[in-house]
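My structure is below; once you've seen it, I'll send some questions.
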Amino acid sequence: MRSITLIILLLAGSLNLIAQTENAHGHPHRHIEFPDVPDYLTVVCDLHQHTVFSDGNVWPTIRVEEALRDGIDAISLTEHLEYQPHGKDIPHPDRNRSFEIVKKFANANDILIIHGAEITRRMPPGHCNAIFIEDANKLLVDDSLEVFRAAKAQNAFVFWNHPNWTSQRPDGISRLTPFHKKLISDNLLHGIEVVNEHTYSAEALQIALENDLTIMGTSDIHGLIDWDYQVQDGTGHRPVTLVFATDRSESAVKEALLARRTAVWFNNTLIGKEENLLPLLHSCLKLQEATYQTDKTVADVTIENRSDADLILENLSPYTLHRHANLVTLKAHEKTTLEVKTVDLKDTFNLKFRVLNAIIAPNEHPVVTFPVEME
Amino acid sequence: MRSITLIILLLAGSLNLIAQTENAHGHPHRHIEFPDVPDYLTVVCDLHQHTVFSDGNVWPTIRVEEALRDGIDAISLTEHLEYQPHGKDIPHPDRNRSFEIVKKFANANDILIIHGAEITRRMPPGHCNAIFIEDANKLLVDDSLEVFRAAKAQNAFVFWNHPNWTSQRPDGISRLTPFHKKLISDNLLHGIEVVNEHTYSAEALQIALENDLTIMGTSDIHGLIDWDYQVQDGTGHRPVTLVFATDRSESAVKEALLARRTAVWFNNTLIGKEENLLPLLHSCLKLQEATYQTDKTVADVTIENRSDADLILENLSPYTLHRHANLVTLKAHEKTTLEVKTVDLKDTFNLKFRVLNAIIAPNEHPVVTFPVEME
Amino acid sequence: MRSITLIILLLAGSLNLIAQTENAHGHPHRHIEFPDVPDYLTVVCDLHQHTVFSDGNVWPTIRVEEALRDGIDAISLTEHLEYQPHGKDIPHPDRNRSFEIVKKFANANDILIIHGAEITRRMPPGHCNAIFIEDANKLLVDDSLEVFRAAKAQNAFVFWNHPNWTSQRPDGISRLTPFHKKLISDNLLHGIEVVNEHTYSAEALQIALENDLTIMGTSDIHGLIDWDYQVQDGTGHRPVTLVFATDRSESAVKEALLARRTAVWFNNTLIGKEENLLPLLHSCLKLQEATYQTDKTVADVTIENRSDADLILENLSPYTLHRHANLVTLKAHEKTTLEVKTVDLKDTFNLKFRVLNAIIAPNEHPVVTFPVEME
Amino acid sequence: MRSITLIILLLAGSLNLIAQTENAHGHPHRHIEFPDVPDYLTVVCDLHQHTVFSDGNVWPTIRVEEALRDGIDAISLTEHLEYQPHGKDIPHPDRNRSFEIVKKFANANDILIIHGAEITRRMPPGHCNAIFIEDANKLLVDDSLEVFRAAKAQNAFVFWNHPNWTSQRPDGISRLTPFHKKLISDNLLHGIEVVNEHTYSAEALQIALENDLTIMGTSDIHGLIDWDYQVQDGTGHRPVTLVFATDRSESAVKEALLARRTAVWFNNTLIGKEENLLPLLHSCLKLQEATYQTDKTVADVTIENRSDADLILENLSPYTLHRHANLVTLKAHEKTTLEVKTVDLKDTFNLKFRVLNAIIAPNEHPVVTFPVEME
């Protein structure tokens, strides 16, 4: 019986539903949390999602509430323009409808809701999302090239979805076609999903790096986030794109996407260009304390991991550790003390690690160096 | 990207979605489990639910999957006939649509999906569910009495929803009106919700007992079961009606509802008529072992609680216990050994308990007696 | 290798072992926590424990660390005077040795360590603890009555251990003998264990009430607290005596014990005289907020349970509740909102509950009344 | 009161204490479990422990019960011969006493209890354990070399304890001295602790490999296993030596130790010679299923990890994976399905992984290759 009242409140544009539910059921432990980087805010985005207005199974408001529970800063409901399996029941001619239902929640809940739509074609070009659009209806264009031009006419940011999708690529290998090359050279395609739902494509990452495309990761959720990922106990999370933006606004997120300043957070793995991952990793890892043990040359160095990632490090320092082998896991949001055997007393020294669950190119990991000043 | 395939399978009437998801994510620990009683099967029912086809927030298939995850045997999607807040987007004239979408899953998943609808009126009579109907459209009748006659014409089982709803009863007190009395005397109303969502009405229980109405409990879910109840960690559950039926079929469930053979399972509390609760409690509690400690007159009596309820018992036996005070909690699905001080050695004796979280009338609890035969 | 250093620190009287360990491994969730009462501090005591110096299995320092982990304020290592199964290896003639080893930790760790010993005889009188003694060796007296006089000569507080022990009472029924009556009338016996380890004796409670003996509960630990009780996950706890003392000192604890101001905390049950339990329960339960729901006569009354006990309440108020049946569980250290149906708007009203897991006499529970002032 | 009975049973040589406790409190989830290897049983050993008979804090029986709870197959209570801080209370001249107290539990509980003692000297040689000895008293020899000869006279297996101990090595670096070289060349020293308590020594591993010493890991427990390691929730474990023996007997364990067939299990890391780790890893990882996805060239390959280790693998195969980056974690005792993109359909192919949390030399990891036959 509750919902009748709530729906009335919703129709009145009230923020009560979301706010109330967040207060009552809020699971801060499932919030996705990464620190800001020196010059930018780290904005958590899931820019590929579906509702009953295409082939998803929930009303659009559920996507807002899922995002609030997960601590997502920006979402986009990217309904298929051409694929409408619920059309018998929801014969909506207006492709903007999903966005319109939820946009009233944006200010009330301090969440960015970005207008988007999914261009849904056979390969090539396969599926692509156009976001930051003004009118999805104007993207109902038959010609596969013209639709991208129509998106550009709206100043959309466009990215290629699941280039590894085995329904369109039976070998799961992402490959550029001449059509994609033309889209890129005409500045009609700006990004590529390196991660979609539960999949990762090393080949898509290579394409992104070689063609300077924005590295994207999305949930592409159709059902419930709670069922597809182990969010309830905090052990799992949906894939998201971390966008390094000058502020937490639509325009800043768009600028950052166009400037390729992103990283993907997927299944305890960070994926991005070295220039984006290094500042993020240095912000995640914070030196807390460094003191020598009394009368010994073993240095207790405490590092705080201020991120959601359990960071798996390979020790590349010239020093061995007293309590760890060469592989060290720094647990998310915990402090870990390394006992560094520096052999003689030093005023300063460097610790150096390869971060094995961060990826800057296929099979390539970033290396972080910490100067340690002893107290 | 997954869902496109899945939806296609769904449209083909396939059971793949549900079966697959159940296999992959199955949480048997959230299954609601009570034993059968001597003459009947215990059929777990949630007969009051909503989807996007009235004021709920999910596509009907989600309700089936929630039920499978919760181990529910029978559900009904009881959309409001007169209240259609999503009507702008889902202008469906056919009030049977929600049922039609999910009925194909019934056989595939061994779940009963009972056709129902919610008659949605001001008080009196307030809201009532008609279930086991044939055509919901025929219940679109203006007159508040005629609609009940239309339900009867379809041989529906009809129950009064949330008589304690504070939007219609600002004091939260369930009260029969002359209109309800007429419905009862004309055999147009058969049951009453003693539990709706998170509420319990002692007054509704009194009305049920005085007027021989079937005691009902429902989730009346509009959002997500996972968010409204603590199901993920197994510490919470939606309210359900346990129906004691001759078999697990629609006709048997209907027969049992009309015969008033139900109990409500709500918030670790069982509610029902004594004649229904006593057999259930005796089936829940199974004597496992009874032996005297060596050279002592203290009997170790092990009782298995084969139900989801943590049963809170008050010891009414003439014997005190060696490890418990007079309040004994038998944890759900665990064995508990009571050490009974019988003072002298006995071949047989009786244990007697008042079950404090079982209710047979307002402020009245059933008393169970166990004959113990010593080994 | 660590321990050599630690032991050296220990021998030097350092508090490093305990403090360090508490910092490193501290499990505040296993701390036993009850609020103070209006006129007294609530001091948590476990006054019956064993070590390798009688028939226990640990060195005395382990008992101090267990106590610190459990948040115990006062302990006593009450070695059996007459029963020395480790005598072959520890042929200690000095019965004060166990106390001497740990007493240095008292100030360092802000814990009271009370000198005690267990008088270990056949029934009658069975086993009794003498605590607040000065010299245990002087209690090595053959005559069963003289030993109590020797304890009195040291101004000891003396209590009867496990009067329900089935090795001495094969029926598990605590019974006074003429010998015990003499001890009481001569003021040689002051208290009685109503709870020992995993056992509770309703008959001992009756004896305490009829003879004005102090109600005691102890772990009587021989092995490890962590293994005998489910302390690690916070779901279990050792039995303790809550002593209501004017301050947190040995003399105040002794005064309170002699004045019978105690309650026992055992297996989620509180046991004590009504005059001691009522102030404790009123301190545990704190009214937080009371407001009427908008346009309704349903009062939201929020009660905080500031204790470790999940309090199981029977509603004796004249009002029914909107979200609970007549049994209400207030979870430990949580706030619970009751929705009280007062039928009309009231400025003030009373809530009244029987606390079913509190015991003031066999089968008798205290009743608490809350005056509620509406905001 | 319980323990008096129990101790009596213990003194009678009964197995009741251990068996009972294991039944009542058994935590199989804390059992350390690794599979056997092709030619040998994997015997779990903790061969360096202390009790009140040197500088530990528990009676010897506690060590047996800890071992049973942890699923340890063989233990040794290696009391310091020369360091007796409890000597004031336990003035035992017989250095075999600790062993004698527990040896009666060996058969009853199907656990191997190996007679041992710790030779406790300044560096060099520091501390060494002699196990499989006959009479510890005969090792009370002043001369630091003669004591090793006395151990050899008893056919002991001797290993160097914590060569990295910062009390004896302030830089924490394990280094061989001429004294150690002599011990090794005279066959008086057979093994070396690469892991002691919470420490790991890369330098000790190097010494072991260069001098063909047996690689050992021990808890060196003085307090409680439950407090020093996170065993209760199954997330932590004591360090142990896995011994690959022809059967589960003292003689077979000794033969295996002398033959250097060991691996150390420490803090989710396996350490050992390649010839010992490779068979273990191949036994841990079992290919379960391998099928191509319908109409695709993506192979679903399911691998079961039958060990306690969360194995962290680096993919060295020529194929990329559809759901993982190049780092794959196979959770302990779980099955993981890898989706291998083989590009074309193959009848057979190889998967190849570097196991990053297994160590065969400082900074060197074993590589395992799986031939996959498609079904």
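Chains: A, B, C and D, in written order; residue numbering restarts at 1 for each.
To be clear about the criterion, a contact is a pair of C-beta atoms (placed from the backbone, for glycine too) under 8 Å apart; a residue touches a chain by one contact, two chains touch by 3 or more.
Worth saying up front: this structure is predicted, and the values here are computed from it rather than measured.
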item: Copy pair subunit C, subunit D: interface residue numbering same or different (half cut); value: same
item: Cα-superposition angle relating the copies subunit C and subunit A, to nearest 5°; value: 180
item: Cα-centroid distance, subunit A relative to subunit C, in whole angstrom; value: 53
item: Whole-Å separation of chain centres (CA-atom averages), subunit A against subunit D; value: 41
item: Contacts with two or more other chains, residues of subunit D listed in rising order; value: none
item: Category of the chain touch graph - line, ring, star, complete, other; value: ring
item: Pairwise chain contacts, counting only pairs that touch as defined; value: A-B, A-D, B-C, C-D
item: Touch list for subunit D against partner subunit C, complex; value: 1-8, 11, 21, 25, 50, 52-53, 55-59, 61-62, 65, 83, 85-86, 89-92, 97, 127, 161-162, 165, 167, 196-197, 220, 222-224, 226-227, 232-233
item: Interface residues, subunit A side, partner subunit D - complex; value: 164, 166, 170-173, 198-203, 267, 269, 271, 293, 295-298, 312, 314, 320-327, 339, 341, 343-344, 356-357, 359, 362-363
